[in-house]
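Letters are used for the chains, namely A, B, C and D, taken in the order the chains are written, and counting of residues starts over at 1 for each.
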Amino acid sequence: MPAADRVVTDVARRFLDVRALTDTLAERLSPEDQTPQSMTEASPAKWHRAHVTWFFEEFILRQDPGYTVYDDTFRYLFNSYYEAVGERHPRPDRGLVTRPGVRDVTRYREHVDAAMVDRLERGDLDEAALELVELGCNHEQQHQELLLIDIKHLFSTHAFGPVYVDREPDEPGVVTPVGWRQFEGGVVEAGAVGSGFSYDNEGPRHRVYLEDFEIADRAVTNADWLEFMADDGYRRAEFWLSDGWATIRETGWEAPGYWRDETGTRSPDPADWTTYTLSGRRRIVPDEPVAHVSFYEADAYARWAGARLPTEFEWEIAAGSLGAQRGALLDPGRCHPGRAGSAMIGDVWEWTASAYLPYPGFVPANGAVGEYNGKFMSDQHVLRGASAVTPAGHERLTYRNFFPAPSRWVFSGLRLAR
Amino acid sequence: MPAADRVVTDVARRFLDVRALTDTLAERLSPEDQTPQSMTEASPAKWHRAHVTWFFEEFILRQDPGYTVYDDTFRYLFNSYYEAVGERHPRPDRGLVTRPGVRDVTRYREHVDAAMVDRLERGDLDEAALELVELGCNHEQQHQELLLIDIKHLFSTHAFGPVYVDREPDEPGVVTPVGWRQFEGGVVEAGAVGSGFSYDNEGPRHRVYLEDFEIADRAVTNADWLEFMADDGYRRAEFWLSDGWATIRETGWEAPGYWRDETGTRSPDPADWTTYTLSGRRRIVPDEPVAHVSFYEADAYARWAGARLPTEFEWEIAAGSLGAQRGALLDPGRCHPGRAGSAMIGDVWEWTASAYLPYPGFVPANGAVGEYNGKFMSDQHVLRGASAVTPAGHERLTYRNFFPAPSRWVFSGLRLAR
Amino acid sequence: MPAADRVVTDVARRFLDVRALTDTLAERLSPEDQTPQSMTEASPAKWHRAHVTWFFEEFILRQDPGYTVYDDTFRYLFNSYYEAVGERHPRPDRGLVTRPGVRDVTRYREHVDAAMVDRLERGDLDEAALELVELGCNHEQQHQELLLIDIKHLFSTHAFGPVYVDREPDEPGVVTPVGWRQFEGGVVEAGAVGSGFSYDNEGPRHRVYLEDFEIADRAVTNADWLEFMADDGYRRAEFWLSDGWATIRETGWEAPGYWRDETGTRSPDPADWTTYTLSGRRRIVPDEPVAHVSFYEADAYARWAGARLPTEFEWEIAAGSLGAQRGALLDPGRCHPGRAGSAMIGDVWEWTASAYLPYPGFVPANGAVGEYNGKFMSDQHVLRGASAVTPAGHERLTYRNFFPAPSRWVFSGLRLAR
Amino acid sequence: MPAADRVVTDVARRFLDVRALTDTLAERLSPEDQTPQSMTEASPAKWHRAHVTWFFEEFILRQDPGYTVYDDTFRYLFNSYYEAVGERHPRPDRGLVTRPGVRDVTRYREHVDAAMVDRLERGDLDEAALELVELGCNHEQQHQELLLIDIKHLFSTHAFGPVYVDREPDEPGVVTPVGWRQFEGGVVEAGAVGSGFSYDNEGPRHRVYLEDFEIADRAVTNADWLEFMADDGYRRAEFWLSDGWATIRETGWEAPGYWRDETGTRSPDPADWTTYTLSGRRRIVPDEPVAHVSFYEADAYARWAGARLPTEFEWEIAAGSLGAQRGALLDPGRCHPGRAGSAMIGDVWEWTASAYLPYPGFVPANGAVGEYNGKFMSDQHVLRGASAVTPAGHERLTYRNFFPAPSRWVFSGLRLAR
């Protein structure tokens, strides 16, 4: 009996729901689409699908002596970065692993799904193991987002812009002026409280001293960004961090990622610009939040605007006061931000002024999963919120996303503070 | 009615035979296998299959106003290096073009096959066009070999060595001592005489002055090569060209391409070494001709052996005197050299001492096809003969293959002269 | 009358003292020594001497219409990174600028010295200008340290280890066990109070919330480091940040910068190791603070030791409680750390856990000097204290030094916290 | 008594003359000028002066047990590429060796000069040793040319173009039309006959079969080159070898080395272009032979002109028929080509169509000096003639100069054939 048809426990249901979304996202991709790696930071879709499966096999199923490993070579092929697990396939060469193919990866997923459901139904997993299952589900959700941004990057390198999802063009709307929400300083608490799932890097909850601050009531939009460009924002060194200035001179960036000037005039008219979306190349929609900007660009924009980026603690306090408001989260039929609204979670991740560092008292989990977050705590920048390709339920007020400063293939935007 | 079932002219039959072999070679490759590019010099199998098809479309079919182009984007995607045809997809990114997929490439092949057969049957192609058809057939044969060496390279990067073709292991045989065949010098003629097909770079036939020379009666074998290794051949600078020495220090090469020391002892015992073959990783067979050595290694070996490489003219004169003898050519059920015998054509390409330069009076063909050979006449080295993955009928006494000195993914070996 | 012989004001005296130390440091360097640049991050000694001079000319003297510019090409040649000042010589090519030579640079220094003393004696500089003079003096002191670490790096590339300063070898002493000093958490104030000179990046003074913490009463020593090495510290991934692990695998680092294993045994005996010092290659002195480790190594050591690096605020609170204690500062006759003692300022800079970020409310100075510090506030790490090549008087409790994580040509060590 | 004042033998006189010219060339260079290395292929002037000295010490003086080595570290520091002599300083870091300085190198030269003159006067050197002395003299002459082209390259990187030698600007003259000299084909002899000094690579003299050919009666001039540029020579792929086209797209070359378009209009008017010369930046002189073009550019020009480059054998036959005619050779007061005249030797080296390969029967000398030429016989191109910085007496009809195809810091031009 296929796993999906059985009566299952809540945990198993949660597990299967997450697993099913991955399959849904992969359905539109041919075996060829799922094979290449368009840059070192990205991974093949096929690899994502196998790696998240390996995670359950490695950390849950292999603990059970009765489990039959699907294919022992997969431990080498689909370990991402866990040194404690052993040697692994070199990251830059993930796109060369043509075998297993997509069909075999699907069978691998089915094998692990069945074994996991069996295991979950048996009811003998202890608390630590159940936490690892939940970690595995969150891990897979995180990779659902990565799968989509990696496919977007891959498709964008194609001269004729393939379409991942068909949808109607968005009509341009009205760009509202920015308003400012005010917060008083003092000692505040930040970080995950510990009820409900969170990654280890979100804790411990701890005290922070904040000065008074103001934060914008909406994200920076494409229309705002065109003004920055029209004011020679990419050509005036005074707005830029030194590394940022070096980066844009070396890369030649003059606009956000995926943007293209269709007229060669660098006009500030949105109608002259297109951007590659998961529905193919589209006109810029002025009232959408700007996406695919690097930390350097976000920081330069803020300086140009006479403002700054919020720290992650300012952001968390401000977002906490808004309650359950959400912008666009992952809708497989859209995969693109909506209009900039008042919600702080959703649409685009927002760069903060904070470096990605451990909170006071941070201790990574024991064993290989302790490598999940902690070892990346240097030279990365915290993004907060969530994006239009973050699966619903995976977003969280205390979520700390992190990327190096030049990254812009994630749906990354910004919000001003001062 | 499918093209393959029709009564066809000789030219069409020749055309269809060549086309069919490509399909046979691709049959064992999954869509995933056909997608990646494992190094800049290699191309995806899918790309090879489409590119050779584009060649017929571009140079034959597009001349006919009645022809319906299959997909206009393919001109950009599948042009290899013809500047005169226009812009093209960047070579290092061929592995990122997931669309068209394998199925669509197959349809493209069928579309062009049908149109070509139609065209050939109509009987209205002039001599120049028929020569282009024959050039296209040779071009496709050349790419059949490239497809196989590129797949071999791709598969060799896989930690678990996939098998392209199943076959029994070869039994080690006896390595015969080298004999020397003697030739007297003087003015000789070399190059293609012009009856039957040849590439433009094989002519014009012209006179060359040769000194007396001797040439070995068999290729250098794996057993020979192990002696060179055992005598510290890779560690003694006195045998090496300066660029060769720099290359092996930078790459760390200590043995031919695809070889692996299974004991870590660098023993000269063939039983301790394996090589990756298209049938997976196999023990070294001592009496096979050594393959996958660079020009630098071939040259160093020759110096170690107190000999030298033959010039391409010496090689041609010597091979011409042997008549129709052939070593192993492409057998889809084997794809691997046989034992070193007296034939000079087949098994492995043989590096010569000659730089790849135009013959006196060489003029490339008019138009885009003039870019086929001539523009590569700098800093490459001539190989003569043919290999175990060269399609039968494509080999030729005057054939000039050429690769840069460090190349070793081709089945490249050597023969001594003095 | 030479500037140095005149009766001068206090400011002029201060100016001339700083200038004189630069000349003293350069005296032991031949014109050849002063010319090359051994890596992009370093600069030629001659360039340092000219650049600090240009700083006074650019920001003070050129404001005076009566000033005669020494050589107008120097503005291009000796601007370091001030975009607002205009185009400049590419940083990686500083070692190719052979003209002006050392003698001409000396004349340039004399010209600017004389003009500066004139200007200072005239007594008509306003407060802002006098602050720029003081900034220029601190700038030159900072470059005195850079000149020495750059020369150390340059000389270390020489196969026969030139001696910059002759001195007796240090006798090994006793390594004392680490003690821990305890501090209670709460809201504290950090940053420069504004009396006396400080860089803009040291302010504004602001409140920070700290948890309780302990900090070691001495720096990590060479003896400690040898234990880490003996315990396979450089080979166990579990201690390392991901970027750190990648860095040591790529670079092959197995010991601090300038260390050399003289026996090839990687023994933990200090007698088997040497380090390049400004007095040539010397035996490791066990009770000296370890120097020339990167942030990655410092962080890994701390994790191995079951501790962590202090934040820059913890460091500042702890150092503040020690008062005026100083370890070794620049002594031109030594240029090397002393034994690890209780002082936190001196001997070696200490890596902290803090990223180099603006303090709340930070605003860079107006004009070109605003580029002095602020634009480097990304992806660098704060070091606190001072080193044995920091000029006395330049060290400060609130001083924020900063370097990228892999840097180790500065005298960089660490102190544990927990 | 200083060596230069003594009565000396002819060989010693020859030796001292060569040595003196090196000193003359270095006199205008400051210690700073003599220190850096502006690219890997170039060397510091100081290094050239020491290396040529080391050559005599290594191959002559060290054979004498009574000789006192000047400094044993110099064997490591100043060996260029002789593997047989042992380890040596890495080539790309020659510019970091500040010690020995210029003064010490001068003393080293004096030490070796004195010892050599002693040795030569003693009259006990055997024939082989005397041949090595002559080789050493030729070696030093070769480095005189290298010293000048390396200094030209170094100075050209300086924003303000230093002057090596003062001289009046050349007046533009009249460009004469090209005439063609005709030669009949057949078996000819080429290579050094063995009387008088020649490098090993110039022999053995051997027979070659040539077709009929014509060769231009003057070199290609700057005026000719401007026509090629005006006809979009650098933008039309059809003229270029594939590697050449890739090179100019990557480098952005649009004119010969050191040329600069002073108007930004890329006009074909020589008055709008300057070139960096050893006398500083100067206007293009139309009737001078073009210099500082790569093999790729020379080859493309020839194709554009409907001609080709001569082979080195055609060149040698043609130049041999002209007798003792010489263009400009090294005049320390000029260091720049004269007007294009009928001489084939002098002014600029001329790229040929020939790859740099061993002549039939070539055997390198025994011992370390066997590395002088032979090991470079791959992937380089032969230039014939001599240039305006080749010392008089060093030029030779059979001289084979060689450089990789993209090189253009040598005074390299071309002459057409067909």
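Definition applied: a contact is a pair of C-beta atoms (placed from the backbone, for glycine too) under 8 Å apart; a residue touches a chain by one contact, two chains touch by 3 or more.
Small disclaimer: the values here were computed from a predicted structure and weren't measured.
Counting hops only between chains that touch, chain A reaches chain D in a minimum of 2. Ranked by distance of CA centroids from chain B, the top chain is C. Centre-to-centre separation of chain C and chain D, using mean CA positions: 45 Å. Inter-chain spacing, taken between the CA centroids of chain B and chain C, is 58 Å.
The distance from the centre of chain B to the centre of chain D, with each centre set as the mean of the Cα atoms, comes to 38 Å.
For chain D, the set of residues that touch two or more other chains is empty.
Under the stated contact rule, the graph of chain-to-chain touches is a ring, a single cycle where every chain has exactly two partners. Every pair of chains in contact is given here: A-B, A-C, B-D, C-D. Against chain D, in their complex, chain B makes its touches with residues 81, 83-84, 187, 206-209, 211, 237-238, 240-245, 295-296, 299, 353-355, 357-358, 360-361, 375-379, 381, 405. If you check the complex, the residues on chain A that touch chain B are 30-36, 38, 46, 73, 76-77, 89, 93, 95-99, 101-102, 154, 157-160, 162.
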